[in-house]
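Contents: one structure, followed by commentary.
When the chains are written out, they are named A, B, C, D, E and F in that same order, and each has its own residue count from 1.
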Amino acid sequence: MTSPTLADAVRALDGFYPPQTAAGWDRVGLVTGDLQQTVSRIHFAVDPTLWVITEARELGADLLVTHHPLLLRGVHSVATTTAKGAAITTLVVADVALYCAHTNADVADPGVNDALATACGLSATDPLDEEDGQPIGRVGDLPSPTTLGAFCRALADALPAAPAGLRVSGDPEASVRRVAVQGGAGDDRFDAVRRSGADVYVTADLRHHPALEAREEARGGAPYLIDAGHWATESLWLTGAADRLRTALVAQGYDVQTTVSRLRTDPWDFVVPTGHGEPTDRPKEHDAL
Amino acid sequence: MTSPTLADAVRALDGFYPPQTAAGWDRVGLVTGDLQQTVSRIHFAVDPTLWVITEARELGADLLVTHHPLLLRGVHSVATTTAKGAAITTLVVADVALYCAHTNADVADPGVNDALATACGLSATDPLDEEDGQPIGRVGDLPSPTTLGAFCRALADALPAAPAGLRVSGDPEASVRRVAVQGGAGDDRFDAVRRSGADVYVTADLRHHPALEAREEARGGAPYLIDAGHWATESLWLTGAADRLRTALVAQGYDVQTTVSRLRTDPWDFVVPTGHGEPTDRPKEHDAL
Amino acid sequence: MTSPTLADAVRALDGFYPPQTAAGWDRVGLVTGDLQQTVSRIHFAVDPTLWVITEARELGADLLVTHHPLLLRGVHSVATTTAKGAAITTLVVADVALYCAHTNADVADPGVNDALATACGLSATDPLDEEDGQPIGRVGDLPSPTTLGAFCRALADALPAAPAGLRVSGDPEASVRRVAVQGGAGDDRFDAVRRSGADVYVTADLRHHPALEAREEARGGAPYLIDAGHWATESLWLTGAADRLRTALVAQGYDVQTTVSRLRTDPWDFVVPTGHGEPTDRPKEHDAL
Amino acid sequence: MTSPTLADAVRALDGFYPPQTAAGWDRVGLVTGDLQQTVSRIHFAVDPTLWVITEARELGADLLVTHHPLLLRGVHSVATTTAKGAAITTLVVADVALYCAHTNADVADPGVNDALATACGLSATDPLDEEDGQPIGRVGDLPSPTTLGAFCRALADALPAAPAGLRVSGDPEASVRRVAVQGGAGDDRFDAVRRSGADVYVTADLRHHPALEAREEARGGAPYLIDAGHWATESLWLTGAADRLRTALVAQGYDVQTTVSRLRTDPWDFVVPTGHGEPTDRPKEHDAL
Amino acid sequence: MTSPTLADAVRALDGFYPPQTAAGWDRVGLVTGDLQQTVSRIHFAVDPTLWVITEARELGADLLVTHHPLLLRGVHSVATTTAKGAAITTLVVADVALYCAHTNADVADPGVNDALATACGLSATDPLDEEDGQPIGRVGDLPSPTTLGAFCRALADALPAAPAGLRVSGDPEASVRRVAVQGGAGDDRFDAVRRSGADVYVTADLRHHPALEAREEARGGAPYLIDAGHWATESLWLTGAADRLRTALVAQGYDVQTTVSRLRTDPWDFVVPTGHGEPTDRPKEHDAL
Amino acid sequence: MTSPTLADAVRALDGFYPPQTAAGWDRVGLVTGDLQQTVSRIHFAVDPTLWVITEARELGADLLVTHHPLLLRGVHSVATTTAKGAAITTLVVADVALYCAHTNADVADPGVNDALATACGLSATDPLDEEDGQPIGRVGDLPSPTTLGAFCRALADALPAAPAGLRVSGDPEASVRRVAVQGGAGDDRFDAVRRSGADVYVTADLRHHPALEAREEARGGAPYLIDAGHWATESLWLTGAADRLRTALVAQGYDVQTTVSRLRTDPWDFVVPTGHGEPTDRPKEHDAL
């Protein structure tokens, strides 16, 4: 059996994640490489960091597929004086092609949000919201109600280890059944979450003001919030995507190997607990309001 | 001795935190109240949440001073159907005036960033950046070098307890001496941090992409990042501000009491560790890059 | 019989004047109040001025319905230092809910422009223009032709007294039959008026330049212009709207009273004639042009 | 003595009203004509209407000087199908040059606002506001206090007759001494009027919402408002400007005649009083607020 | 037989070149003239320059029809101090009406691009691109393949003489069959040209950067470029348009004469060859790339 | 002697052409390369085309300095599917650094416009215009008056050979002495040219409409126009820039060689004369206008 060309691999990926389904501001598809080059090993990762590129090169990969674009903002230089330029230069010199599937992988079925929904224990889901005709996030019901605390422990077991863990807003004893998910940054979708009737929203990159305002609107009740980490929530997709691509290329008669990065590209390396002695207060019940 | 009027209190606060030093997009100053009303008790908090307003009312406060504006975006209704409207209605019905000192308190001296710098162990500082003629953040040198890990532990002891603790990016054994701080959300100041020569940047609300790109530019070395929590980094200012206002009003012959909220308005209630068994990799050294 | 809640009244008003039919820049609906409060008396007025609010409070009204929004531009403070803040504070302290039906009442049928068309002697009308799928203004034919002067006298009799009266541009002896109307400010609709074939345009807030340019395009002939006053043209709607709401709520089995403000909120208190001795010229006929 | 050329007249006018002092959005200076043509008669008017142009042509004028620009918005056609095109065509065919001095005549000293201030009985004045380094409007003190009613009667005597007269908001018995003026449309200067400490503001083109909001901020007191008519307030300047130009050209040894239009270009031809029987209420005192 | 009025001629032209088919930024139709004036002679030209207007006046034309608008940008003055003002003044004084058919003549069938396609030897064509529902340019196949050099010589014979001639990018021996054309400026349509599969693109006003980038994308091969001159490519349309208008008016029973300008309004008067001795290099083949 | 590093070469170039003097929209400086790499041969060209890059690689150049930026618009991919991506990939793989000096070389002294002014026979010059504090173009007087035709012939001898030659608008017998120059595209500077009093303007990329409008404003007289070719006018600078850089590096004790490209990157390969038989008219004199 022969190896596919980069053109073969790109054609298969474009089929799974059609570029025209990406958001208007997004930049997806091929970033480096020549369509005629042969591809015998394909590596998958969330972020095209310098360490991930080194990992790909050392593994002998010809193609690196990442979720996040390397050049979301256009560049006017690839000199090695910037990290982006060093990444491009390393890829080009090492003959490693880079392909990015970002918001087109978010909206795909199966895609990034399906992998996250599965990790939450959801089997059937609906879109959480819609934008430019594409489904954004997912919402669905657990097989049976549980507590927020138990739901979090189960989700934590399904996610890769990261120092920051899950940050949760809500009463661990509260009952939850309807779950909304949005991999990556989700603090611009609270209106859709409220409309969906979700009891809990699993997403990441939640900042103080949007999160606190969402909690105020909820008057302390549902929907509760879980910040499960940008990298962690999106890394769940990698293995399935790699399998799907290899299967498709093998079905076309090609010989190709796929690997998934073992590097954590979440920026946080460790956590330190704060405060000593008496904790600050947080009311459990808001019935006076 | 008599109580001051709201006009007296506003005059003193405007003197400490001149409204014209606030950012152009910010909305500071008096939000509810009548300048003629008497003020015998003043309550301080980071956020004007419904629970904080209830606390102020139950304490008999006539004036609530918060760091965050309630109406940063203009409102067209104060009906109780929204959380903002419920907050305004509660304040007006309970005769609790609300005054906000936000970016004008960030740039003041002493202000929010000075309190954070002190908690970091800095005695003398310079502005980290400048915008519209106002100093943004602070940067300064520790009395002697320490490790990133030890610095984090000391800072953690100086902050109020919050479940999410400090999130840190960097090697705990790395040496740090020069420290940049910016209370609240700081992921738009990485250029200034690099220019400042800081070894570590203490701020909050750091999202995946800006933080990871900053770490890539640093090639794994300094400046390291600490996300110490939006509420935690800004709450440090409350006690000093309350003391300063009471002292100023007493010096004018008035009788007034001040209190500081014991409520934590950080949205996170608890944290759950992720992953089980073998952890993901994170290289400690980037010398190959 | 029991009194309705504010929610009942809002539901009825939203049915008459659906919020989604308002212009994109408009701000309609509930401005103050709690949906659970009981509503036994509803007061109607064109403008929510401080005197109108006082009138509502003194009448014991629980709900004030006005045509003009109080907070068309968003506010960041309701302190009593501004007139808007004083109005909000007075409403909230007195438990008077405020509801505004503005451009959604203009386009409704029956709505503000229908009341004005009726006052002009029109029975059947068509939309004058259309914007975002909504009808703007009305145009129709009088039962028989009349002179501009006679038309003005009849309209003047149908309007509430206001010092500035009707200002008219055109020859009082000119014949008119087709009449266009637009309550409130109408000097941005001259193109539609010309397209409609109207002989006279009844509106208000006509400024020098747009009005003079419209007269120049008309070369001294039709369409003639009548500035009948912003408040006067819109006040015609109040009685019908109040009757309609009371009828609807009574039909649901509720007990409620409605009143219409007797205050004139037109800003003009008196008029003083100008010039002495010989008047300036105004040619009656433009046939030389 | 010989007649000046159009170039001579333009040079003198540009000296009185430097084009660079006009607002950035304004369009002033020569609109039709050839700099070499001889100018023996110059006609002055507020607006270049078709009747004013006919008047100029019939008087044998070679140059028409108006306050309002004919082509404030650029035109792409001067065909006679539009009023603007007919005006241009008539001017060009009749060899009547047109020159406009608009906001540059407003800010000039002596200029449009000085003529209005004089009609109000002010001798010395200061600028009311400033924009792009130019003085906007005027403010000054009457020799002694008077009532609003008496002030209006005196101003009415100084203005040319126009059907709409003066529209006044305020109590005729109220005392006034400090007077702000802005010829033409002035409802965007209420902040400056309040800052100036004026008791009354004389301007024109006041629409319902800005005027009513200004009255609400005034809580029924000063500053009172007078809408004295756009044309009337600006026509006061014509005679002085004509005299000044003729004097300057004669001083250069030229022979030239000047005339001032007797046509009223205010769009209103007649007024009809509204209402019958019982008038609406307007509270005289706001002390309850 | 009688002469038509300007209204008759405009009606016929608007039928051939409906104004609503012009681009949104374009300004077409009547620029000077009175619809009642009689039209016995109509002159056609590409540009309404001062010399063309003089030519029209000297020929006794009552109407000048040009492709390019005189007032594409709105004017605020028609004084003779600017060339545009002098042109308008000359037209108005000489009673020469001006009518422009620009992008509406480009998209018409038959229109400007059809005349150019015919000159290229194309019989049947398709639109090259589409914008706002209108066809932009044309593309079609020659009856048989030829060389780029031979194609250029044939096209040069079909164009009116102009000093700059045809500028060509490509190998004269290259084979061409599919031809794209866009009269006037065409360097914003290279994407459409590539999509069309054209071997050669005939247009004008090609600047260095867009042309060179198009050549780089072509890697030295097809599509080749021909800059045939803005005036030359558009002048081809004049004779057909004049014939069509005269025929239509005669068919309505009118007596009218048409003429086509013999003036070249291309700005270039002569060309001077550059360099002496050894020429610079230009590789003929790019096979190494 | 040793070779300089890329950092040494960049430092020298940044000194000659400070990046902060480039226009705000421009993108100058290092595009590919690593500051630590050794530079023994530096190649200069106007455009970084694929052939120029091949030429540089075949010459063994380590650094290519071009006037035009390769990535003026930011790119999101450097895959070889686009010409820009192929250029970047070729440069990176061949270890050829690319440095661009564009508008900062235009405004430098000596810079691109000085080289063009020298070719025109000017010894002393002033800036033609100014933008953001930088001099744009040059203007100066010839030692003695000459004819437009003779001036063109002398300039043509000083320029490198290009098929399109010089295109000239004006009478070859007209007298010229004052000369304005702007290398590259110059049709946005006609106002400055008129203000400068220039008799002739030497620039390139002149399109039909701006050029014709400039000729109309000139009423057929001065300033005359010469389009001397974008590439040709800018290529004059290369030799001097190469000499200056080599001299500076040698003076620092380094050993380095410089070469100038012999490739013509003007897109035009050949010219074909248009028309046959009788030429179109072009009036030589405009005295009737």
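Annotations
Methods note: a residue touches a chain if its C-beta (ideal position, glycine included) is under 8 Å from a C-beta of that chain, and two chains touch if they have at least 3 such contacts.
Since the structure is predicted, the reported quantities are computational estimates derived from the model, not experimental observations.
The chains that touch chain C as well as chain F do not exist here; no chain meets both.
The fewest steps needed to get from chain A to chain E, moving only between touching chains, is 2. The chains in contact with chain C as well as with chain D do not exist; no chain meets both. For the pairs E-F and B-C, the count of C-beta pairs in contact is higher at E-F. Residues touching across the chain D-chain E interface largely coincide between the two copies, over half of the numbers being common to both.
Work out the mean CA point of chain A and of chain D, and you get 65 Å between them. A separation of 48 Å divides the Cα centre of chain A from that of chain F.
Each chain gets a centre from the mean of its Cα atoms; for chain A and chain B, those two points are 30 Å apart. Annotation: 54 Å between the Cα-based centres of chain C and chain E. Within chain B, not a single residue touches two or more of the remaining chains. Chain contact topology: the protein chains form a single closed ring, every chain touching exactly two others. Read round the ring from chain E, going to chain F first, the chain order is E, F, A, B, C, D.
Chain A makes touch with chain B in their complex at residues 47, 49-51, 54, 68, 82-84, 86-87, 149, 152-153, 155-157, 159-172, 184-185, 204-209, 211-213, 215-217, 219, 225, 227-232, 262-276, 278-283, 286, 288-289. Only residues 27, 29-35, 69, 71-81, 88-89, 92-93, 97 of chain E touch chain D when the two sit together in their complex.
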